[in-house]
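Here's the structure, in structure tokens; my notes come after.
Chain IDs A, B and C follow the sequence of writing; residue 1 opens each chain.
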Amino acid sequence: MSESSSPPFASEKALKRLRRRRAADRRFKWYGRLAIGFALSALALLLASIATQAVSAASYHVVAFDLDVDRETFGNVTPDALPPVDEVYRRVHEDLLARFPEAIDDPAKRHALNGLITRLAVLPEARAIVRDRRAVGAVRHVRLPLSDDLDLYLKGAIARHLTVPVGRVDAVQDVETGTISLTGEGAFTRLLTATSLEGVPSPGMLGGGSVLLSAGLSTLKASSLDSSGASGTLLTGTLQDFRTHPVRAQLILAPESERPVTDQQIAWLLALKADGRIARVPHWSLLTHTDSTQPELAGALAAIVGSLLTLLVTAALAIPVGILASIYLEEFAPRNRVTGLIEVNINNLAAVPSIVFGLLGAAVFLGAFGLPRSAPVVGGLVLALLILPVVIIASRSALKSVPQSVRDAALAIGASRMQTVFHHVLPLAAPGMLTGAILGMARALGETAPLLLIGMVAFVAEVPRSPTDEATALPVLIYSWATQAERAWEPMTGAVILILLTFLIAMNIVVVFLRRQFERR
Amino acid sequence: MLSELGHLPMDFLLLAAAVTLASLGFIAGRLRAEQFSFNGDEHPNSRPNAHGYFVLMWSLVPVVLVGLGYTFFGEGTSRAILRSELPAGFSILSPGELTTYIETVARAARMPDFLSGERVFDTVTDRYGEIRGTLNLLTLLLACVLSFGGMVLARRSLSPAFRARQHVESGIEWFLFLCAALAIATTVGIVASLVFESMRFFAEVPVWDFLFGTRWNAQTSAEFGALPLFFGTFMISFLAMVVAAPVGLFAAIYLSEYASGRVRAIIKPLLEILAGIPTVVYGFFALLVIAPTVRTVALWINAQLIAWGLADGALLAAQPTSALAAGIVMGIMVIPFVSSLSDDVIRAVPQSLRDGAFAMGATKSEAIRQVVVPAALPGIIAALLLAVSRAIGETMIVVMAAGQRARISPDPTSDLTTITVQIVSLLTGESEFDSPKTLSAFALGLVLFLVTLVFNLVAITVVKRFREKYE
Amino acid sequence: MDGTRAENAAMGTGVLPDAPDASVRMSCRHINVFYSGKQAIYDVSLNIADRSVTALIGPSGCGKSTFLRCLNRMNDTIEGCRVEGEILMEGKDINSPSIDPVLLRSRVGMVFQKPNPFPKSIYENIAYGPRIHGLAEGREDMDEIVEKSLKRAGLWEEVKDRLTAAGTSLSGGQQQRLCIARAIAVRPEVILMDEPCSALDPIATARIEELIDDLRKRYCIIIVTHSMQQAARVSQRTAFFHLGALVEVGDTDQIFTSPRERRTEDYITGRFG
């Protein structure tokens, strides 16, 4: 700069000032970049956090059972009988008791064992037995979903844990009933290092995490641990396994009292896993089941159908009315005070909070007209009024974009105004109108608040068959699942959000496609 | 017999009647018109199809009107009749209980062959079925008679000189007008229902106590001081605007003034995704990610303040759900509302003003800050107003992430409640609007509607003026 | 840049007939301008004399405005626009990276076709330039600059009582004089005018032309105009552009009475354009 900064082109003072101004200029541009960066990273964070949850819920753990559907118990099952849930569940329970005899005499352990599979989990199987008479008298090979907390434990979502190989031990002794000690020179050094690294207080101390040692099908809970030996109580299996199999340790960092899964249940899980009876499979029931009180059994089918029925009503009302209204306002309305009022009114309606439409629905459709509560027909009506301004505004701009020359040409050959509009203007504006209609429908699909007020938040366990049946909708299902206390609902909610977003993305792809077609023309 | 008629599929029957009668009308009109063209000397004014449509119109309108009346008022009328016929013994029930009872009866009557085994209930249900059956029959008869009458009258008025096409077209124009007027009807419906229910509420709770009372406890005891709700709404909207206003504005400036065409084509749709994500998803995001983060940070600040000896105890409330969490997420949600409209108005500022500033030797940021933004200021203010209106009325994020506790606290990490949260919690699962508790939701709704109305109208007017100035 | 080259620049290239009696303010050599690859100006070389009015004339789309915008690098603000060649001012190429366009524009002011006052008060419109360039020390100084600029633009008497009124509230001619005053306020040496009267009525036009004639005593003025009468009335030298090329340049009287080029003659006699 030295050469050009010399007078006469600019004084020293002006240059100094210029440097300051240029710095301000660069700063200002950076503010813009930062703002864009903030908005985009917020979007990325939102999508990533939902995707993580959804991926976790996309698969779940099931346990294999061989159900003996004997004639004695199930022989009198008829197609109109209630599904024999209790009988099937008793079979499952007996099967587990036979596998883990240590629970037979201990009511607390039996209760914990029941916690592996919930009673409702057998409902689909019980229904299948009712439906299919041939099932009776045969052994059914079934896979039942593991209860939600254990599923989350295996996925590593709750009670963080890690597995450390220990290897073979030199000696195994039965110290007293149920208590075993394992000894091996230096066998536990690695485990001790891991425990101290992970900050697990020494095992056996109250309030600390747990260390489970397992070999083959057997597991013990360590109560004392040093570099050359460990001792503890046998949770499941036999002492013999520790002599013949290599030992592996599972470190669970959270204290037993602070997590929903007990050490005993984990020991059983490890045994079932060693049996090869636990598998992680795709979670199709999310799409094929209806809502349930148990997260592992719940699905979004009823809500998907409910949303579709609602949208059907919305589309049937909002799209034709919106398009016809826009035609009136754009092509026929005289420019007077009434149309001016309608115009301001439409612009304002587009910005009225959606919950106010819910209040309207509750007071007028439910209260004054006595239409059924929780029904897609009412939801559809309310959402139709909600998106009507959106459809009208979009359709009007589509009509505005049709060149005046088209109208002039049609009028000049003696077409009436009505014929001009419906034969010549409308076909040209149609893609734009369709775009607006789809965007309006996308808005309706995502609305929650108005549906809450007209009672579409009810627990619906049956797929609605008509717009007057009780139903719920996808966004409402998301709301009810997201506000449940149990952790297992979080990934489930993420998965339903993904379903909802998939629908929305599909709609938007159609819009983009339409726009491109339209622009090419 | 009559109660069996109560199960008629009325939607289907009315639709079928409409289609049949309309077709009949069209055929009748067209046949009549074809006779003109064969034996008339003069050229008929309209083509035969237009005559057909004319008769069709007059046969269809009565069916549609009767059908709409039936759909909206049928159920209410039947229930009112049933209620008036109930024996005196029912007077021990409160109005609310009576409504619930009748609703149960109506639901039972909808199921074929329903028998509860309770004599009184079954008798009432049967009577309700009879009322419905009578109503159904009357409706169908009325629709057919009126439609047929319309058809006959319309057909009689046909003649070669009859301007059928003009009549049909003005009929269609009326129909188009009615569609447009539905938007007005919606507003009237909103205002009427809010005002009506609010009046009932204010008959029991003085307006003054509602607007300026500081204790809100509608669920358990009858305390209806809504000031804490107004405060919570204001606080969360303010926090949202603290996020959205600078981010949205600078994003708009960057997109309209700095970004190249290609960058703009990528970033603008990405920002608009933010506006397309359903609010319930934002609520889940707030609950899952932002609220725990806010709490962790607040706890850390508390610990630091204590460690440095600046505070004796916890300074921030650090609740699991907080105004700040809801505010941040709501701010993210309204960013595109600010940026998109601001971008529009900034781009509408004529290039000549920028040229003028550059020609004076202004740097780009000086031109933007001192000339372009001031010129676009009305539009930018309108964008901010619309965003505030959006934030005030937003429901799902606050329902999920703001809390239920009505209180006035300047601490953003404490949980506050808002107008919309209370409307949802008061009305979810309620079917009868007869207690001050449920009616108060409508009073809150009225306040919400009026406040957002003011913001919207100012914004709409300002934007309109701005457009007129530069376009 | 060494002195010899600067001197050469001042003397002109020899190809073009330069006005020998006036010192050269700006010297353009072999200017080519491209808009996203399409060429708009073809190899234009032109010297511009100080303290006189140079008019650029030619049919619409001939590139005279584009050329004008090169002189204060306004073309920088258009995406995809590229300028080649040298424009020397006091021996320095204004297109060199070491010259900040912001400083350049403070010395080469510009007035546009349509009056474009900022949406601010009359006072603020004038004060804007001095403020961003830091030309005024304090309020009184600024008041003086505003008054002087308005007086020089012949607007002072009309607006002195309403300096706080919006600049857009003035009439079209007044607005254009306001824009001229605004340009003067930054104390430029060169003022570029891009058809400054095309949006004005004849009376306002006459006033602006008077003003231009007055300003020429202090400034170097380059004016683009589509009106040959205007060029003849206000300018001392005239350059005729056609299809992006400079056809002929010379004293205004000579161009209008005895043009050397056939195309110039066709244009001024109204046979095309």
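The working rule: a contact is a pair of C-beta atoms (placed from the backbone, for glycine too) under 8 Å apart; a residue touches a chain by one contact, two chains touch by 3 or more.
What you are looking at is a predicted structure, and each value in this text was computed from that prediction instead of being measured.
Novice: Between A-C and A-B, which chain pair is linked by the larger number of C-beta contacts?
Specialist: Between the chain pairs A-C and A-B, A-B carries more contacts.
Novice: Closest chain to the protein's overall Cα mean, using per-chain Cα means, please.
Specialist: B
Novice: Taking the mean of the C-alpha atoms as each chain's centre, how many Å separate chain B from chain C?
Specialist: 58
Novice: Hey, how far is the Cα centre of chain A from the one of chain C, in Å?
Specialist: That gives a centre separation of 66 Å.
Novice: Cα centroid separation between chain A and chain B, in whole Å?
Specialist: A distance of 26 Å separates the two centres.
Novice: Which chain B residues sit where two or more other chains touch them?
Specialist: 363, 366
Novice: Enumerate the residues of chain C that touch no fewer than two other chains.
Specialist: 102-103, 106, 132-133
Novice: What parts of chain A, by residue number, touch at least two of the other chains?
Specialist: 21-22
Novice: Any idea which chain C residues touch chain B in the complex?
Specialist: 72, 74, 77, 79, 102-106, 109-112, 114, 116-120, 128-129, 132-133, 179, 182-183, 186, 192
Novice: Mind pulling up the chain B residues that touch chain C in the complex?
Specialist: Interface residues on chain B, with respect to chain C: 260-261, 350, 352-363, 366, 370-371, 374-375.
Novice: Which part of chain A faces chain B closely enough to touch in the complex?
Specialist: 21-22, 24-25, 27-29, 31-36, 38-40, 42-43, 45-46, 49-50, 53, 320-322, 324-325, 327-329, 332-333, 339, 341-342, 344-349, 351-360, 362-364, 366-371, 373, 385, 388-389, 392, 416-418, 442, 445-449, 452-453, 455, 457, 475-476, 478-479, 482-483, 490, 493-494, 497, 500-501, 504, 508
Novice: Across the complex, what residues on chain B touch chain A?
Specialist: That would be residues 71-73, 75-76, 79, 165, 169, 172-173, 175-177, 179-184, 186-187, 189-190, 193-194, 196-197, 246-251, 253-255, 257-258, 267, 270-271, 273-274, 276-285, 287-289, 332, 335, 339, 363-366, 368-369, 386, 389-390, 392-396, 399-400, 420, 423-424, 427-429, 431, 433, 441-442, 445, 448-449, 452-453, 456-457, 459-460 of chain B.
Novice: Please name which positions on chain A make contact with chain C in the complex.
Specialist: 1, 3-4, 8-10, 13-15, 17-18, 21-22
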